[in-house]
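Across the two complexes that follow, chain A remains constant while its partner is chain B and subsequently chain C.
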Partner chain A sequence: MQPFLNQIWIARWPLWEGFLLTIEVASAAILFGTVLGCICGIQLVYGPAIVRFPFRVYVDVMRGTPVLVLILAAFYIPSVAGVSLSATQAGVLALSLFAGAHIGELMRGALQAIPPGQAEAARSIGLTFPQTLAYVLLPQALRSALPPWINTGVELIKGSSLLSIIGVGELLLRTQEVIGRTFMTIEFYVFAGALYLLANIFLDQLGKAVERRVQGR
Partner chain B sequence: METTRPLLEIRGLHKRFGAVEVLKGVDLALRKGEVVSIIGSSGSGKTTLLRCVNLLEEFQSGDIVLDGETIGYSTKNGRRHRLSDRELSRQRSMTGMVFQSFNLFPHLTAAGNVMLGLRKVRRMGKAEARALAERWLGRVGLAARADHYPSQLSGGQQQRVAIARALAMDPKLVLLDEVTSALDPELVQEVLNTVKAIADDGATLLIVTHEMRFARDVSDRVVFMDQGQVVEDAPPAEIFVNPRSARLAEFLRNTRT
Partner chain C sequence: MGYSLQFGAVWASFGNLLSGLALGLGLAVAAVACGTVIGLVAAFASVSSSRIARVLVGGYVMLIRNLPLLVLVLLVYFALPQLGIRFDKYESFIGALALYAGAYLTEVFRAGLVAVPKGVVEASRAIGLTRVQTNVWVVAPIMMRNALPSMGNTFIGMFKDSSIAAAIAVPELTFQARKINVDTFRVVETWIVASGLYIATCFAIAALLRRLERLFPKF
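Here is the complex of A and B:
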């Protein structure tokens, strides 16, 4: 045990940076994904058919493709198209598109689950459609979408480990580098696994706390 | 002529859902301060008529004129256009609607429900809107429940909040769509009393109801609709005592309790 603890101490900064990058990448992806997902969900429910169609295609393609394939696509395709992205940027792009599709789909479900009487009541007092959306529909949809939204966040923290494939120095890649030097394979993989687990338990508890606050009525 | 102009005038209203014609040329007029109840069996088109007046439904032909303004559509170069969302919203705010299923906003308190339209449509300040909301909740007997969420209120209380929400907007006309049909029998009376109180205060009401005794008590006129048409339109005494058409006589026989 002592040699392993010594090695952890020696590798503490690279591992810490990797952990931070994992959290940063996942946070960026959930942020962009949420914005994209809200737009997507609203369009899928209220958009005219001609707008609905491209969003439908986007959601289905993203949800039907393995995340790893999306990551490789985001890494290679932009450079062919003449846009240069760093590995981290490509990773954030891939995870954001993935999250956007999932959140879009769960927002669609949450919006469609609101009884039609809610929108009618809002319209009957004279709210315009954007006002109805902002003050009546979205507050209710976001509330019911919260548990699956947290779930998507957990998926993103786990999914960010796949970015090690394209050379993003997140937790898994840093761990592998340490293992390459120390050959303490099992110990360091278990350690990395525990860190992922901790981050996800924290996110889960955070979600449950918010849920209790907003749904205790 | 200005003084005799009706507040609401519906002329030749036709409404189709696909191939089914639900309203087949409805004519109806209400003067300011008048209380008119629409009765008829389900499927007669009475709820649809109310929803057309509140612009929740589109209609294929005919005009609805509210206080001199033709609502819902404009005609340009002989072609009929549905108005924009902004215009429709403005016109909807001139009428208040109370629904069978209350439709309170569950994420807002009773006061929050009443305040939303005051703040966002009438652009009132927070304190002013709150004061007006409290006054209206007091009028419907719920001053003590202002900070309760809908889930903490009984059905009758929820419906009274919905009435306060509609009336606080100071609408020219209030539409009541079977407001007691979703209530437990012992809660019906409190809502009917509230409606009666606002009628006595001079509000113009167009009511769809199955409560015959209530329609008789509160209305200046009762309209009987059948199969998408107005069959009879007369004071309650005539409608309930001397029905002229066989269809109304039969309807009343079947609903007498």
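Here is the complex of A and C:
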């Protein structure tokens, strides 16, 4: 145990930076994914058929493809299209597109679960559609979409570990580098696992706390 | 832009992609089969009267669901040998994926168990079936039917997650695609074809499952 603690102390900064990058990448993906997902969900429910179709295709393609394939595609494809992205940017792009589709689908479900009387009542008191959306539909949809949204966040923190494969220096890659130097395989993988566990449980508890707050109206 | 699509290089290795796809499906089937056993045992344990069993199952599910699959795979493949436990890459990936699937299936089966109507259990006890007989002949079939749609989703998820086997050089679809990618630099074509294969397979599985659900009407 003593040599392991020594090695952790020596490797504390790389591991800490890796952990921070994991959190940053996942947060960025959640942020972009949520914006994309809200647009996507609204279009899937209220958009005209011609708009709905491309969004449907986007959602189905993203949901049918493994995250790792998305990440590899986002890493290799932009360079031939003349856009140069760093590995981290490619990773954020892939995870955001993935999150956007999943959040879009769960927003669609949440919006469709609202009784139609709500939208009709809002229209009959003279609200325009954007107002109906902002004051009547979205507040209800966001509330019921919260638990699966937190789940998507957990999936993204887990999915960010796949970025180690394209060379993003997040927690898992930093851990592998330390293992390459110390050969303490079990100890450091378990340590990395514990950090992921901690981050995810924290996010889960945060979600539950927010849920409790928004439920008591 | 100066990049024109040429699928020739990808079609030349299309056989490799297909065999990779078959391998991925095989890995998913094996993992979900083992995971179903784990999930069934854990689900019955989680509704049992034993407090220790409930806590153990709760810990297992929480642990696995919050851990990245890649960490689990690397742990089984690279770290267990340090303890003298050695698996080849196929066994260790199936083992890791089975543990992972088991946690999700535990939740699925537990939800199915909770949804079994109480009256059915009481009726079968009343006609003299033992507790084990009730569970095997009455509760399990109803639970399986309740759990079928979610089980299908879990299977599709595990099939997609079989792509992670590429990280330990198991030659499944993603691994083969990556090989074509670095060999030929037909980047766009490779990933279009690879993800097309994944999407087509997922849709095919989903359609098959809907058929299966219609075959067994809901209780």
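Keep in mind that, in the parts below, the second predicted complex is superposed on the first by the 216 of 217 C-alpha atoms of A that agree within 3 Å, B and C clash if a C-alpha of one lies under 4 Å from a C-alpha of the other, contacts with A are read in each partner's own complex, and residues count from 1 in each chain.
Definition applied: a contact is a pair of C-beta atoms (placed from the backbone, for glycine too) under 8 Å apart; a residue touches a chain by one contact, two chains touch by 3 or more.
Only a predicted model underlies this, so the values are computations on that prediction, with no experimental measurement involved.
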{"item": "Side-by-side fit of chain B and chain C on chain A, or clash", "value": "fit"}
{"item": "Contacts of A:Gln140 with chain B and chain C, given as first, second, both or neither", "value": "first"}
{"item": "Which of chain B and chain C A:Thr128 touches, first, second, both or neither", "value": "first"}
{"item": "Partner chain(s) touched by A:Glu120 [first = chain B, second = chain C, both, neither]", "value": "first"}
{"item": "Chain B, chain C and vertex chain A (Cα centres) - angle in steps of 10°", "value": "100"}
{"item": "Chain B versus chain C, judged by how many residues of chain A each one touches", "value": "C"}
{"item": "Chain B versus chain C as contact partner of A:Ala29, first or second or both or neither", "value": "neither"}
{"item": "First, second, both or neither for A:Val154, with chain B first and chain C second", "value": "second"}
{"item": "Which of chain B and chain C A:Val59 touches, first, second, both or neither", "value": "neither"}
{"item": "Chain B versus chain C as contact partner of A:Ala90, first or second or both or neither", "value": "neither"}
{"item": "After fitting on chain A: smallest Cα gap, chain B-chain C, Å", "value": "27"}
{"item": "Interfacial residue positions of chain A with respect to chain B in the complex", "value": "115, 117-118, 120-129, 131, 135-136, 139-140, 143, 217"}
{"item": "Contact footprint of chain C on chain A as seen in their complex", "value": "60-61, 63-70, 72-73, 76-77, 79-82, 154, 157-162, 164-165, 172, 176, 179, 185-186, 189-190, 192-193, 196-197, 200-201, 204"}
{"item": "Residues on chain C engaged by chain A in the complex (per definition of touch)", "value": "1, 3, 62-63, 65-72, 74-75, 78-83, 160-164, 166-167, 174, 177-178, 181, 187-188, 191, 194-195, 198-199, 202-203"}
{"item": "Chain B residues within the chain A interface of the complex", "value": "54-56, 85-86, 88-90, 92-97, 99, 101, 103-107, 116-117, 120-121, 149, 151-152, 162, 165-166, 169"}
